[in-house]
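These notes open a run of structures that come right after.
Look for subunit A in each of the two complexes below; its partner is subunit B in the first and subunit C in the second.
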Partner chain A sequence: MAGQLFFYFLALLTVAGAVAVVALPNPLYSVLSLVATFLGLAGLYLSLNAQFVAVVQVIVYAGAIMMLFLFVVMLINLGREERQALRLPVQKLAGTIIGLGVFAGLVNLYATTPLLTGAKGLFPAARLAEVGSVQAVGRLLVTQYVLPFQAMAVLLFVGIVGAVVLARRRAR
Partner chain B sequence: MADLAVMLVKVVAAFGALLLLAAYMTWAERRVFALVQVRYGPNRVGPAGLLQPIADGIKLMFKESVIPAQADKLIFVLAPLVSLVPAMAAFAVIPFGSSVTLFGRQVDLIVADVNVGVLYIFALSGIGVYGIVLGAWASNSKYPLLGGLRSAAQLISYELSLGMSLLGVVLIAGSLSLKDIVAAQAHYPFILLQPLGFLLFLVCMLAETNRSPFDLPEAESELTGGFHTEYSSMHFAMYFLAEYCSMITLSAVAATFFLGGWRGPLLPPVVWFLVKVVAFMFFFMWVRATTPRLRYDQLMGFGWKVLLPLAILNVVATAGVMAFLG
Partner chain C sequence: MTIPFPQIHWAYLLPVLLVVGGAVFVLMWDAFFPQRERSFLVTLTLAVLASALGASLAAQPGSEAASMGGMYLYDGFTRFVFALILLSSFFSVLLSAAQRSLEEVPAGDYLGLILFATSGMMLMAATRSLLMVFVGLEIFSLALYVLAGFLRGQPEGNEAALKYFLLGSFASGFLLYGMALIFGATGSVDLMEIAQRLTTSPPSRSPAFLLGLGFVVVGLGFKVAAAPFYMWTPDVYEGSPTAVTAFMSVGPKVAAFAAFFRLLLAVGPRAGAELDAILWVMAVLTMTAGNVSAIWQSNIKRMLAYSSIAHAGYILVALAAVRRGSDLATGSFLFYMLVYALMNMGAFCVVVAAGARGEERTRIEDYAGLGYTRPALAAAMALFMVSLAGIPPTGGFVAKFYLFSAAVKVGFVWLPVIAVLNSVVSVSYYLRLVVLMYMREPGEAPARPGLLGPGWSYALAALVLAAAGVLNFGIFPSSFFELALRSTLLLN
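Up next is the complex of A and B:
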């Protein structure tokens, strides 16, 4: 019972945050709403015994990435008129069509596939509590998923080198 | 039901003690600072000035809270809370004593033994940065904005080295839970195995709490008061408390990771824990009283070019030795 209440509270927080991101006129408020969504998601992970994923969600998304967004919004600090000027009718139309398309796709997926009764993954909540979520993620990363893990490391490294090169060029 | 009661008592006791300690640290800081400068410091209110924090608290509560006309009022009021709540909540995973028997039941002296305790502390300190950045932005004034940007850049830079400096201990203890880390130090404290990690943590700890010599975000001579320039009354007090709470929490983390937490001979565990935390707090004050402030480019250069490589070296070396020993 308490678990269910917890779930509905977090689900509400996540969805309301997501709606607020697009509905609020002030970009800074949108960024903060997205933080709320990420915190709600982290809470949902926690209720699935995936503590590691939950904490990483907060550190990486809510902590680091959204802080970057916040910096950009704060430094650009758009006035009311500039915000309005960006809203071309074409953008609105395209946004509506794409949004409805994605929504229809999701509804279709929900209606046609047995999402709720499908096969369970390797690590359901009960098994995670037994193994420990850090150990489970760590072991999978260096065994089954070692190639994608290494590829991602290379990708991030290229990103860092790229950032340094761009910053250097600007400075000259 | 009884479990819930025990939990509530623990939460209230731990956070009450944290706030009390934070309040008295402001008194201790002023006294230590005065001693270093051959002054008396606050000694009028109560014996040796011991009631000073209470007088300060009452004064702050009755002051008017001024909100600038151009400020974003909602965020202006919420930002100090966003700073204070994570700073206090981070203390929850720190074991402040061994288990005791109360009314016939075993009670562990830790609010919540989370198996990703170390990461939990980092996640909360990441959220705490929002309090500073939002407060700075919502004030809609140039000094707070500059101070807030500096703060955020500094906190994000030093958080990396702070986390890396603890990884060596995590590798040796084989757990992210602070309770297990204390248990792993039954024979000797980890400062003996991780002297470099300890030094790195000590430096990053000063930077993470915006303390001298890394207190650029509130450099009075150039930025007035930094991100909290426009804050007054209880809203200011919350920022102030948040700073002291995170100082205490990081002191407790240092004691737990490198000095064996609540372990020690003769005295009861809780007393040992307090002695270690207060020793680190004294270190904070001592450093503030004796070192000049760094320049901003020196601060960033030091963090990225000295501390981070050393921290990575420490992790790699520790991992290598651990792998070699099996």
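Up next is the complex of A and C:
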């Protein structure tokens, strides 16, 4: 029962934060609402026995990435007029309708499909509790997922090089 | 505690390692020795690509195709696709070296990003894991976003980069969401396991799976510029540097189509009628929209952009045939991409060579009378246009013939008919350029600019290679088509 209450609280936090991100007019408030969403997600991960993912979610997303967002929003520092110039009534209406349509579809999905528990991997819940999720994630990263892990390194490197190229281009 | 190390076939992985290592080396070399000449880095990049091509041709795919539990899969299909990707990168490096407006850009950054993009495409094509498909796609997409806006001080370039970036990220979101839904419905990201789950307990009818599949089709459809997700293509192709446009029009399409083929091989036989209808409609819309829009263009890069959309539509015909389990379709897809790479790269190379420092010849009107002022260049362009239109004795005709007959053999009737009708429409705008080059007096065009720049030898090499290939595949197609047919597609 307590677990369920916990879930509903976190789910509410996540969804309310996400709605606030798109609904609030001030970008600064949007970014801060995103923090609430990320924290709610971290809590959900925690309740799913994924402690490591939860901690990473807080450190990387709620910490580092939100920091960058705030930096950018504050550096650009949009005035009130520029924000109002971005009113797109038709797109807003279309977006709302399509969004609600997708939402209805997903609710329908949830109601009609039997949920799968997923494949039984190397680390079911009991084993996970035994070894701890940091170890489990670490082992998977250097065994089964070693190629995506390395490819992500290339991806990050490309991102850094691209940012440097764009920044240097402007400086000259 | 022992950690079982995954099985890795290093000989199969070598082409990718060479390209990634080469990218880092080129980047670092330019950072440490910036005073060296640009031609040295170009030669180095070409050598890296050639050695990777050699390594992938030397690695005969055996029975042990899968490395690291299917994260990396090296079969005959992978080998052929690697050759296609490396060939298109090779051509775009030649074109970049020949393009005069790219002379001032930092060569190490530029060539490094081209190599990184190449490695991403290779990783995307050589896997049966949806995870690697996504990571590979992101690697080459990020590199291409930057390459699109590489020329500074050009508003069109900045527009192209921003448009490509925003729409591309949105499409990536679709792709990832779709993969997550497929994972939710089947419990795996491995295409072979997904195929097994679909046979044993059929969640193929489950709405979650179908929705996920639909989202993945949207994401991949964006990358291959299929209708209705092609709106970004003309603007991005027009604004990017021509050599990068040439790269975009071949490499990413090969990689995304390769992933598409593997996906369809896994889920196709079991996710029947819906997919059939989607692919049918997409193919017809894509080729018709591309061909009809191309007629009205006055900018040659935009015309070639719409032409590449139309060609994506023809390839979707092969995709629909693969869904029905046609082996012939896989081989004809590979052969088509080979010919398409050569003729498209050749056409862009003429655009590069016709330009001069500071002013590119991008208006179609600029090509009036080229047959008199630059006869060799005009002859090459005419050859590529005839091939793109699919007229014998060029490779374009043979490739289209194989592709459409594969569709006929699996029972499609209207799809090949519509495709052939579309080819007829396409003749009008391809040949309009030829007519313009030979039947019209040259305007007040400047006397022989261009080719005399320092990069002329690169342009010449690319032109000769492309023209020889297009003619060779038109007259003696059988040996390469046999090779393409033997490049079978595996999941395990």
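Odds and ends about this structure:
Simple rule for what comes next: the second predicted complex is superposed on the first by the 149 of 172 C-alpha atoms of A that agree within 3 Å, B and C clash if a C-alpha of one lies under 4 Å from a C-alpha of the other, contacts with A are read in each partner's own complex, and residues count from 1 in each chain.
Everything below uses one rule, namely that contacts are C-beta pairs under 8 Å (C-beta built on N, C-alpha and C of every residue); 3 or more make two chains touch, one makes a residue touch a chain.
Owing to the predicted nature of the structure, the values given are computational and were not obtained by experimental measurement.
In the superposition on chain A, A:Ile97 makes contact with neither subunit B nor subunit C.
When subunit B and subunit C are set side by side, the one touching more residues of subunit A is C.
By the touch criterion defined above, A:Leu147 lies against subunit C but remains apart from subunit B after alignment on the C-alpha atoms of chain A.
When the two complexes are overlaid on their common chain A, residue A:Val161 makes contact with subunit C while staying clear of subunit B. Residue contacts after overlaying the shared chain place A:Met74 against subunit B, while subunit C stays out of touching range.
When both complexes are overlaid on chain A, the residue A:Val35 reaches subunit B alone and has no touch with subunit C. For subunit A in complex with subunit C, the touching residues are 105, 108-109, 112-113, 116-119, 139, 142-148, 151-152, 154-155, 157-159, 161-162, 164-166, 168-170, 172. The residues of subunit A lying in touch with subunit B in their complex are 28, 32, 35, 51-52, 55-56, 58-59, 62-64, 67, 70-71, 74, 132-134.
Residues of subunit C touching subunit A in their complex: 3-6, 20, 24, 27, 67-69, 71-72, 106, 109, 112-113, 116, 119-120, 123, 129, 131-132, 135-136, 138-139, 142-143, 145-146, 149-150, 152, 184-188, 193, 203, 206-208, 211. Listing the residues of subunit B that touch subunit A in their complex gives 72, 75, 114-116, 119-120, 122-123, 126-127, 129-130, 133-134, 137, 145, 149, 152, 156, 176.
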